[in-house]
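The following pair of complexes shares a single chain, subunit A, combined with subunit B in the former and subunit C in the latter.
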Partner chain A sequence: MSVLQETISEETVRELSEARDEPDWLLETRLDALEALDDVDFPDVIRTPGRMWTNLADLDYESMVDPFSQTETKEWEADEGIDVLPFHEAVEHEESLVRDAFGSVVDPETNHLTALSTALFTTGTVVYVPEGVDAEDVTIRTTMNGRSLFNYTLVVTEQSASVTILERQDSGEDLDGARYYSGLTEIVGGENAYVQYGSLQDLDQTTYNYQLKEADIDTYGTVDFIDVNIGSRLTKASVESHLNGDSSESKMVGAFYGHEDQHFDIDARVWHNAEHTTADLVTRGVIDDEARSVYEGVQNVGAGAWDTNSYQRENTLMLSDESEADASPKLIINNHDTEASHSATVGQVDQQDLFYMTSRGVDERLARNMLVEGFYVPVLEEIEVEELREDLTERVRERLQSRD
Partner chain B sequence: MSSDQDQLKETDTEARFEFKKEEKSAFEAEKGLTEETIRVISEDKDEPEWMLERRLRALRQFQEMPMPTDWPGQPDLSEVEIDEIVPYIRPDIDTRGGVDDWEDLPDEIQDTFDKLGIPEAEKNALSGVGAQYESEIVYQNMQERWEEKGVIFCDMDRAVQEHEEKVKEYFMTKAVPPSDNKFAALHGAIWSGGSFVYIPEDTTVNMPVQAYFRMNSEGMGQFEHTLIIAEENSEVHYIEGCSAPKYSEFNLHSGGVEVFVGEGAHVQYSTVQNWSKNTYNLNTKRAIAEKGGRMEWISGSMGSKATMLYPSTILKGRGASDNHITIAFAGEGQDIDTGAKVYHNAPDTKSTIESKSISKDGGRTNYRGLVHIADGAEGSSTAVECDALMFDNESTSDTMPYMEIEESKVDVAHEATVGKIGDEDVFYLQSRGLDDDDAKQMIVAGFIEPITEELPIEYAVELNRLIELEMEGSLG
Partner chain C sequence: MATLELKNLHAEVAEEGGETILRGVDLEVSSGEIHALMGPNGSGKSTTAKIIAGHPAYEVTEGEVLIHLGADEFGEDFDIPEEKRTWDLLDLEPNERAALGVFLAFQYPAEIEGVTMVNFLRTALNAKLEEREELFEDEDEEAEAEAEATNEDAAGYESSPMEGPADEGEVGVAEFQELLAEKMEQLDMDERFAQRYLNAGFSGGEKKQNEVLQAAILEPSVAVLDEIDSGLDIDRLQDVSRGINALRDETGTGILQITHYQRILDYVEPDHVHIMLDGQVVKSGGPELAEQLEDEGYDWIREEAFEAA
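Coming up: the complex of A and B.
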């Protein structure tokens, strides 16, 4: 089942690492990941009798991965008082910080694609928010220009620090053939720290996209995710929170809009590992044309997680008859002192709402578009970064207007 | 509390299921599963050649299929060694296909069913009864008025002989092919006993028919097959009950159920399963509903060590509908993995799934369900509701629904909640003078009431009684 080609080799990894003047520990981590490639599986996908919801293993990674042509343009914006550094600068200036945190949240050997990403990544960002610092907006913009790009983001917050981050990806010039984007994000949520990590994925529709974003959350800490997927040909994106400290919280908000032949496989998972923890998972998605969406939400309540509150909602709106929506919201409960619920719905634009609007003189197409925009309101309300809120609204509007 | 409840208290429920009888048999197959075993069983039953061939083909499929091990969170089946199972035991009775008078049964078998209360129920509330002991039906009877209307309710082995054409057409060909899963293949190879039910057009059988399956011997497997054919606009309610005394070795129950719901027909299939806690209960149950047909599955899973059971309905004709109602109760050492599968393959089809589960003393319940709405099944709707109640911190309660929606003009909703038994509720009831046990039992009874109220009164009472028994152990 090897997807390795000539260029994904020990030599390649050594060359990438040497060119960036990396310390030995990092090179070793990359080489370990490379070695593990054949031993670890592809990310879990749901299978039911006769159906596999997303087929990752059969993708032709060989034709998409080109380790030496990873080019991108990147912009960083941040307040003063915190460090937002390109990854390799951070390794140079804050080596012990990076070394301690790297791989502590996302195990590079989680699966085949995380291992590949760790072995080959060439760019990334480290956000460090010291104790007590309140950093309003951090923005990281990445434009992918080459055949493939492996990106890495590390967020470390000290006690009582606070930060709001927007990380976005889009594509530069068109290329012939398929492209591959892979991004890993690790968030270390300190005691009583607050992080909102928003992400807007707007890659072009020839790109296969894999992303894993994981947070460890300490006592009284909060890490909220806003995960927005608009672009790519196929996306497998997982957002995962580990509530490790007592009274920690996580809100996991997702939005997607798939059209044409896009395929989104979106996962949201939370582990309640401590007492008095709260999680709230909200995902809203629209699918149109022949697009296909797959959603898996998992609420894991550990045996020691007394007094847990855990909620999950997922709603999918189907705009076209050729689209397909699969959903699986799961509850795994090992402590009875838990209040947990989940719900999922799939349906169309509500006919009564539409009738109401048209009876008020609103043209049907406009009425429908307004209702679809309105469908995202519960997600929009959670977004603190204006740029993300506006761009999501804008991209949804564009797609709706391009419908006939 | 009602007099029903009082009456329950006086009944020693445990004794009703736990008694053992000396193992006596006319014919017992060797342990394990070989072509030779299959041939011997088939010959002992004097089966036609085509049935033997089906058995042998199923055996080959069984041997080729791997054990299911890759389902997320599935029960541990590593103990299930097919080669340790005694697949076929013919009890020591003269009449093949079952006697029609309880008095004609050997004393210990008659006593078994007396204790289980079957003859009593027959007199009061049933149109017909089949009773299986080990691998064969030992008693089979139906009220004459149904026979006159052309209703058939007989032992499955007899149906192979007497209704060969129908059985040949429907038996494991359309609903549950042996290739469906490893245990369906196993079932196809060594099935024995079970019921054949045929309801002619426009016939409503207004009192339920019941089959009761009893395993008495240690280390045996029971593999009964139930085939129900309900023709256009007919109606029937079929009830199955199961139990076995507990042994140290494992027992295996792997039944197969196939239901054909004709146009406008209505079939209700109710199960109260109380297998002993050394039994692996791995069944395949499936219904196919034609235009306007209605299928109802009502399942109470109380017993067994591990259960994997997902009754399925294929809504094949326009406007067909399905209702699933399941109650699972897992106590110490039990893993009850159950749920439902519904395929909406035609327009305007409807399904509702209601699941209630209770776990305590380290037991595990899991709702595992699949709803598939095929492209073109427009105007279909499905509503799934799962509620779980947990008693303590050693127990586990999982919910794993899967929804596959290929059609946009549909209405799909899934909802689930999990919670503990509320301290405040218990406190309130205690302040009204109930003791802790009674308070908790009352809360559980209230929790499952939306489901028990759908059951015929006898079965609601039975279910409550079983749950009460389950709860006594740790609360008392």
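Coming up: the complex of A and C.
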């Protein structure tokens, strides 16, 4: 069922790999992924009666994916003491590290789009934080210039290492027609390690965007996600944490703001696979104009996950009558020794709140803007990287100010 | 000197076949006066308060809500021309009414997460002063200001909602913080409240205290206090009462106090007491009227009103 049999052949993949002097194991992994395209499905999406919210299979990949037009500008910033390397440099200098970790968290054959990404990616970053090293503020900026871009990020933290990462994507000059961005992120959270991985997706509104970010978290480890989606024409983005070690934790924070005809399909999923684990899922989204959003959050509590704490709340705020939203929080409990909650709401700006504020002298437009900005505060409070906090605030404000 | 005047006010719930709630309310509250508006549940007291402030849930079918302003109501430097001394509030948005000196203390104040008290109050104070300038601008100035406004950024404050607004507007951050600290002290409020989100997680009493604080900051000409005394323990009742008296004595605010109970009237002594029944003010008198109600309930008023009809 590959949608791309014409453009993507074994030769294509071999050519991409050879041009980058890749070792055999990586070429083999790519070829396996290519072969799997025919066997694996598109990512799961929400269905409500009579409706599939995000139809990934029907997108026109033929016109969007051009394996040889992948150009981008990348910038890296990092402290001393850790390695932040372009992917192919890392393959050269830290081959065994990359080889061990590559594909260990995100299985390339998870779905059709992960397989496509693995077969075709040309750029990426490896962040390696050795044992005991405390690294602040790694920043990875990717500006997409071509028709399509397949990006890959690997974060490996050893025991008691700690790192704060901001990875952001935006677009360079405009192109006619649709574009495609795909990004896979794997995070190996070591024993007692701490990672905050923040992401700001601000691609232009002609871009179809697929992203999967997944973390394996060892004993006493913490991996927190901040997943912010502002740009793109359509986004399918999943953030997934596997709490594999006892007493591991994950906070999964999301924010999105859709306007015009943007479409966001956002997932957050956690698996409690060990004892005394904690997860906290918080997502806040705003949609305006004719934008659509659909959210699915899943907390899986395994049979062996004694003493689990798992919380989930999602709130979508609709600013227009034409926008549409759906939200589905799910809680699957296989161990009774669990404290859990899950909730989701879809609503509009509260009229009583507005009246309260306007009665004190603030005009309705400013009152509404203050309420919307305030709505994101639970997300902003979690963000450790100042650049991400400021940019989210700024982008939200720009959108609000551009409203009629 | 300002006077809020309700003339033959009729109103119903703003929906198809909405219930009629007010059936001709007449009331006048002037600067420096304290009026108590009493009456049984469902008599229309809260509706009256909300209509004065411009709540969208009610539709006025007859009558007027006017504010009359003296030439120097907004200070000696702010000269109000003859033709702009009387306004029909029903033609105005809630924020414009606030700019003309109207304040409503809510019975159930909204809890607003993500907007700090200090941020909100300074924004409100500056917005009110700015709106006032606009309302009293003559036509030439108006055109000029509009041209200017198109060059300015649209609504929004410049820094993060967590940190509060940047130093813009008529009242700057430092000046405002001083004012806020002073008013909070008068009300015996912990200064940490300033950094908390507006009413979020406040106790019932803290919310009421916060309503009085906001009135103290915004210095209204007329304040309508909708059951400001409900849910207050005796200490807080005294704090709140002190705040209301200060509002009258220091700012010259006229107070319309809606209450069920005599209790707060021991601390905030009314000059006038009005009794509402079935959407009308059926009896007005001095403070003794409230005492009589406390002793005898509303039945005698009902009988009197019935006989008069």
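By our rule, the second predicted complex is superposed on the first by the 401 of 404 C-alpha atoms of A that agree within 3 Å, B and C clash if a C-alpha of one lies under 4 Å from a C-alpha of the other, contacts with A are read in each partner's own complex, and residues count from 1 in each chain.
In this text, a residue touches a chain if its C-beta (ideal position, glycine included) is under 8 Å from a C-beta of that chain, and two chains touch if they have at least 3 such contacts.
Because the structure is a prediction, the values reported are computed rather than measured.
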Practice item. Return fit or clash for subunit B versus subunit C, each positioned on subunit A through the superposition. Key: fit
Exercise for review: Figure out whether A:Leu319 sits in contact with subunit B (first) or subunit C (second), or with both, or with neither.
Suggested key: first
Check your understanding: Once the shared chain is lined up, is A:Met52 touching subunit B (first), subunit C (second), both, or neither of them?
Key -> neither
Review point. Does the superposition put A:Val346 against subunit B (first), subunit C (second), both, or neither?
Key: first
Exercise for review: Answer with first, second, both or neither: which of subunit B and subunit C does A:Ala19 touch in the superposed model?
Suggested key: neither
Practice item. Determine, under the contact definition given at the top, whether A:Tyr356 touches first (subunit B), second (subunit C), both, or neither. Key: second
Check your understanding: Looking at the overlay, what does A:Leu371 touch: subunit B (first), subunit C (second), both, or neither?
Key -> second
Point to revise | Shortest CA-CA distance in Å separating subunit B from subunit C in the superposed model | key: 12
Point to revise | Overlap of the subunit B and subunit C footprints on subunit A, listed as residue numbers | key: none
Study note, to complete from the structure: Contacts from subunit A onto subunit C in the complex sit at residues 350-353, 355-366, 369-371, 373-378, 380-381, 389-390, 393, 397, 400-401
Check your understanding: Tell me, which parts of subunit B touch subunit A in their complex?
Key -> 73, 370, 372, 375, 378, 388, 390-421
Review point. Okay, in this complex, where on subunit A does subunit B touch?
Key: 46, 48-49, 51, 303, 316, 318-321, 323-348
Exercise for review: In the complex, go through subunit C and note every residue touching subunit A.
Suggested key: 53-56, 93-95, 97-99, 103-104, 106, 109-110, 112-115, 119-120, 123-125, 127-128, 131, 153-157, 160-162, 197, 214, 218
